[in-house]
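Before any comments, here is the structure.
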Amino acid sequence: MYLAHLNWQQAKRAFAKDDLVAIIPIGSTEQHGPVGPLGTDFLIPDYFAKQIEKRTEVLIVPTVPFGIATHHVEFSGTIDIGFDGLYAVIKGIVDGLSRHGVKKFVFLNGHGGNTPALDKVALEANKKGCLCAQIDWWSLAPMLNPAWKGGHGDGQEVSMIMAIDEGLINKDDLMETKVNHLSDKLKNIHLNAVDFKGATIKVIRSVDKVVNSGGYGGSDSYSANKQWGEDMKVALLDYIVDFVNEFKSVKL
Amino acid sequence: MYLAHLNWQQAKRAFAKDDLVAIIPIGSTEQHGPVGPLGTDFLIPDYFAKQIEKRTEVLIVPTVPFGIATHHVEFSGTIDIGFDGLYAVIKGIVDGLSRHGVKKFVFLNGHGGNTPALDKVALEANKKGCLCAQIDWWSLAPMLNPAWKGGHGDGQEVSMIMAIDEGLINKDDLMETKVNHLSDKLKNIHLNAVDFKGATIKVIRSVDKVVNSGGYGGSDSYSANKQWGEDMKVALLDYIVDFVNEFKSVKL
Amino acid sequence: MYLAHLNWQQAKRAFAKDDLVAIIPIGSTEQHGPVGPLGTDFLIPDYFAKQIEKRTEVLIVPTVPFGIATHHVEFSGTIDIGFDGLYAVIKGIVDGLSRHGVKKFVFLNGHGGNTPALDKVALEANKKGCLCAQIDWWSLAPMLNPAWKGGHGDGQEVSMIMAIDEGLINKDDLMETKVNHLSDKLKNIHLNAVDFKGATIKVIRSVDKVVNSGGYGGSDSYSANKQWGEDMKVALLDYIVDFVNEFKSVKL
Amino acid sequence: MYLAHLNWQQAKRAFAKDDLVAIIPIGSTEQHGPVGPLGTDFLIPDYFAKQIEKRTEVLIVPTVPFGIATHHVEFSGTIDIGFDGLYAVIKGIVDGLSRHGVKKFVFLNGHGGNTPALDKVALEANKKGCLCAQIDWWSLAPMLNPAWKGGHGDGQEVSMIMAIDEGLINKDDLMETKVNHLSDKLKNIHLNAVDFKGATIKVIRSVDKVVNSGGYGGSDSYSANKQWGEDMKVALLDYIVDFVNEFKSVKL
Amino acid sequence: MYLAHLNWQQAKRAFAKDDLVAIIPIGSTEQHGPVGPLGTDFLIPDYFAKQIEKRTEVLIVPTVPFGIATHHVEFSGTIDIGFDGLYAVIKGIVDGLSRHGVKKFVFLNGHGGNTPALDKVALEANKKGCLCAQIDWWSLAPMLNPAWKGGHGDGQEVSMIMAIDEGLINKDDLMETKVNHLSDKLKNIHLNAVDFKGATIKVIRSVDKVVNSGGYGGSDSYSANKQWGEDMKVALLDYIVDFVNEFKSVKL
Amino acid sequence: MYLAHLNWQQAKRAFAKDDLVAIIPIGSTEQHGPVGPLGTDFLIPDYFAKQIEKRTEVLIVPTVPFGIATHHVEFSGTIDIGFDGLYAVIKGIVDGLSRHGVKKFVFLNGHGGNTPALDKVALEANKKGCLCAQIDWWSLAPMLNPAWKGGHGDGQEVSMIMAIDEGLINKDDLMETKVNHLSDKLKNIHLNAVDFKGATIKVIRSVDKVVNSGGYGGSDSYSANKQWGEDMKVALLDYIVDFVNEFKSVKL
């Protein structure tokens, strides 16, 4: 059931169902390393939402293609709507639907940077009697299979895009990632974190100051392959559909 | 050229072209009368953008599916992100792209209520050396053919949806529109305007106080037909493609 | 009845009347072409309000002399309080009066740029049970007589000022308006719109980029004359007084 | 020289003078005790500005009739535009004029509650090279003559209104002011302050919780008389004109 | 009773007492003249709060060490959280405690610049049934003894710091204060005020434009001495404890 | 070196050192389970800062005792200054110090909920040439020793408080924590997360809806003991001092 395809009378009838779950695909338009398309973070949730809709009755909200991408604006093609912008969008969706009876929401999220705004909406909604679950597919994947770890614009994300639409990866643009570590003794292990004596300390820098290619994570973008993407896709979809069905039965 | 499908290196190369025009399809998710789908206002610009892309080289930005819909929130399924929300989104897009060289933007707009936020972004962008054109298809249509007049959720919009995807119109939900005029002598001629002695005065009311069905305009939703939509679609697309080509050649 | 001249006890007694209508004259202080005074947009509503008060019982709120004038700030003497500033002022007026019983408001507006803020207040007020009518005199005039068309700082506005206070027009400053069209094929027909193949497309530019003189509209400022102003003034006042009386009798 | 009466070319020529001082009359529309008109706080600065203009060359900005009146909103007729609203208005004025060359401003203020917003604008303007003086006539009066002390809506303000327009005082509405002290040992000596053992402690309460009549100060509203107003008016005008002339000669 | 030392169950039990008074020590971290420590404005309220707690049952809230210090940011070490920042902090405290039953608050304030934000919170709190008293120790001191007058970073404040912790004053940094008067005829008598013909006019300038040393007031920093501080300290503490006890007994 | 204890001349001299690191202790005042004091989150960073100062030259900024605690406001004694409030405070600190030459900051943070505001400041500061490290002691502890895991108000935090000031723990208030799981199949494993088939999904609820006692984490509050706290304290301090020394030598 696609919200955008219903007229308001159909929506009214649909919202009368107590166990209705609304799926909000949320992403970002931002650089994703040397070959990841700018839309990576919303194309994946958008694809997942369409698949979920085929397997269980849910309400699919139009995909939110822009998010909080301040770290990435030094790279061409990045759009950043900021905390306030994303908060306004998600708040608008949740308030608009809950006003007419929808009480359960799943944020199908493709971008870690969006989390602060999603958390704020979720807490406020809960204080008014709603429930919001947030599914970050890239974090969920290694919980299903530890081999599926990944980071921003690296093998994990690129593989998933390959599984959805291989044509979106232009291999000619592959490049080696060179890391500009904070110092010799404070080596970056993530975009925003350094290792010091075996433990991790957060040090936030603009992405362009850390890596030339924009991509950085547990695996290299060269490592991406379609099969990895397919495997994750199948496992994640099965899991998420099961979760959504379980979530429907939660008593409020 | 779809922004979401480019990687940042492709975007960087594309943005180097002086005459690049970015098309931003912008709409709303809100009630559209008895049978118009909630997504009417963004589905049409989204469709148009895809057609334009086939006929001339442009950059298509991901469609903005939510807008300013405060008048309509009493009807199920309406999402309102408010002035501040829409401003943040459009500002984010224009700032993000112009930072890396894009200077010309076309707002392909499907919802009149969005105008204040679009105007603000356009003026600010112009003061920094950019140009934004705004195309409101429903206003442009009767300039091309006076018979194509229309209003919110009535024959004009419903016909256009029929031309794009006839399956989105559920005729079982058709209903007669009953207008609750402001008074016997102040009859509504639009949702937000009354006639008084042959002239028009703006009096803004929440839509649900004005019409039972949510739709209101120059024509009734019963009058919608696919052919009308097809005729408008063809004429509008020809015109817009011509305009975009002309707009490319404007010197900044 | 002037709000500023009442003490609070008189106000309390006055607000007890069910059909009380509050008139809020609203304008802007901004450039008005070569000879239009900076106060054009508020001096006219201010004058009208005083005349209305002589002919029917209304509550006249102090005139709001500043508005949204971002397009014009490149010209000396322009004051811009922005969307948020004007919204705060008008919201403050409507909330303050409605809290103590006033339910009907007429925005006697002299500046088109103010509309987004007025619309927002009007809709919010309606959702709380109030009614706001907006009268834009320059738009109303050609509805009463098609010959009375006009634009920013041109014959129509200057003529009206002449009818109110001829001394405010300094003819020595008359100058020819030269238009910097967007391109040869995209000729400006308004400050914010171009003609393309017989239809109109909005392209917003800062006013100083469009015209040297700041004034632009359906008629030239050379065409202004006092008689035109007098004719409009008489007809508009008659119409507005009649409207206000009709508006009083609307049932809430 | 009235800003509203100049066209932009006259403004441009006027602003070229190095020693130009802009006078901004600022007030409030709020209850002023049993007989003080709601406009007291702006009618007085408005009157003063007009007199100053006759005696020395200055630029008079349109009077700001609304201010920060949150303490008073429980009384009919009070308008409160809040800190953010007043800040936007005054900031708009100072930024708009200073952008085109005006560097010195006098806030001719009639309402103590406005001070925080005026201070903020003044400091920011100074950091950009401007100077703002603030004249609170009711505080200045007792510095010229200790007998002229006064408070909100009491003898001092009412006398001044009598000297400007006696018809604005409706003596039938005079009433005795009854003070609801904070406690027997914490007696109010101002609206927002109590005496404790001979010293003063600020305790802010909504005005309606402190006095029935809304007026309270160093003198009773019964004590108002036109002569007192005349004496203050003459002395204040002389002083202010002298100050403005001195202020003109300050080197920036 | 220190809020930070209670667990929530202890807090719940404590808040059940009707006459509970919460003391909020509030200051600023900003330059305080040649020898006053940057923390002067919060160290004093912090000290006072600890002494009060020994003498009467009160709830001591954690000290707020930052305030509105925009005037002072040109001097090293100054922190300015602005009006909105301080308002958010104090509002957060008052709302958080009043939600669970605390109704009376004493703002033990060390910095005059904080007043606008404290006033706003106090008024809003009163409209919801709470009472906030504000004690500005430097203003209270000369009400107890006229010899104890003082200004920013001068003898009065430095003496008080000496009485609390003499080691915080580094006499090697003493310097003569040189005032940059507004003009020969407009001599500064405070940081933000000039004398003109025996009366005082507010003219706000950034502090670094007025005095080289940052300190300025009724007395010189050379005049500071520990005994003066001790005398004030004892008298103020006695007075404040008495006031707090009286404040407890006020009926709401 | 304590910022609050320096005068501005000392600050100026201190800030001239290139490798200066400013330590900002940041916490929250909020419920911490049955026996954790409300100040837990700032008392610990405050204590750590004092110890660090003894072992290496740093600038200690006054402790920020309030943070983002919206999840916890249903429990007595919780103060929530929200995202905007905390952002204003931390932004004020970093901007104020960096303006005068300080370029490196360590956020010594005691509360996970503060992270979004700290991240925003850190990124903005980095874009202006500064570096901010964030140390969350409760996350760092299990990186040093996996046995030291903990959650909100449970054994880990309570043990650390015991090591700092045992008197702050009132054992009489110990109570059993009862968890209100989201459903039988969606069991909470953290305050904001449930387990579903071995993986974790975020579902944010107000804390009072999840646990009766407010405390919840990897260990029970009954398990707290002073020795655990001492062990963590010693190891963490050693590590943090080493890190700060390394951070000093980073080239900007």
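As written, the chain order gives the labels A, B, C, D, E and F, with residue 1 at the start of each chain.
The rule we apply is simple: contacts are C-beta pairs under 8 Å (C-beta built on N, C-alpha and C of every residue); 3 or more make two chains touch, one makes a residue touch a chain.
Keep in mind that this is a model prediction, so the values were computed, not measured.
Q: Need the graph distance between subunit A and subunit C over the touch network, please.
A: Steps on the shortest route: 2.
Q: Which chains does subunit B share as contact partners with subunit D?
A: C
Q: Please flag the chain sitting at the greatest distance from subunit C, going by CA centroids.
A: Taking each chain's C-alpha mean as its centre, the farthest from subunit C is F.
Q: Distance-wise, how many Å sit between the C-alpha centres of subunit A and subunit E, to the nearest whole number?
A: 48
Q: I'd like the Å distance between the centres of subunit B and subunit C, where a centre is the mean of that chain's Cα atoms.
A: A distance of 27 Å separates the two centres.
Q: Where in subunit B do residues touch at least two different other chains?
A: none
Q: Connecting every touching chain pair, does the picture come out as line, ring, star, complete or other?
A: ring
Q: Output the circular ordering of the chains, read from subunit E in the direction of subunit F.
A: The chains follow each other as E, F, A, B, C, D, starting at subunit E and passing subunit F next.
Q: Okay, in this complex, where on subunit F does subunit E touch?
A: Contact set of subunit F toward subunit E: 2-12, 15, 29, 31-39, 42-43, 61-66, 73, 75-82, 84-85, 88-89, 91-93, 95-97, 99-101, 168, 170, 173, 214.
Q: Considering the complex alone, what residue numbers of subunit E touch subunit D?
A: On the subunit E side, the touching residues are 70-71, 83, 115-116, 119-120, 122-123, 126-127, 131-136, 140, 143-144, 182-183, 185-186, 196-206, 209, 239, 242-243, 246-247, 249-251.
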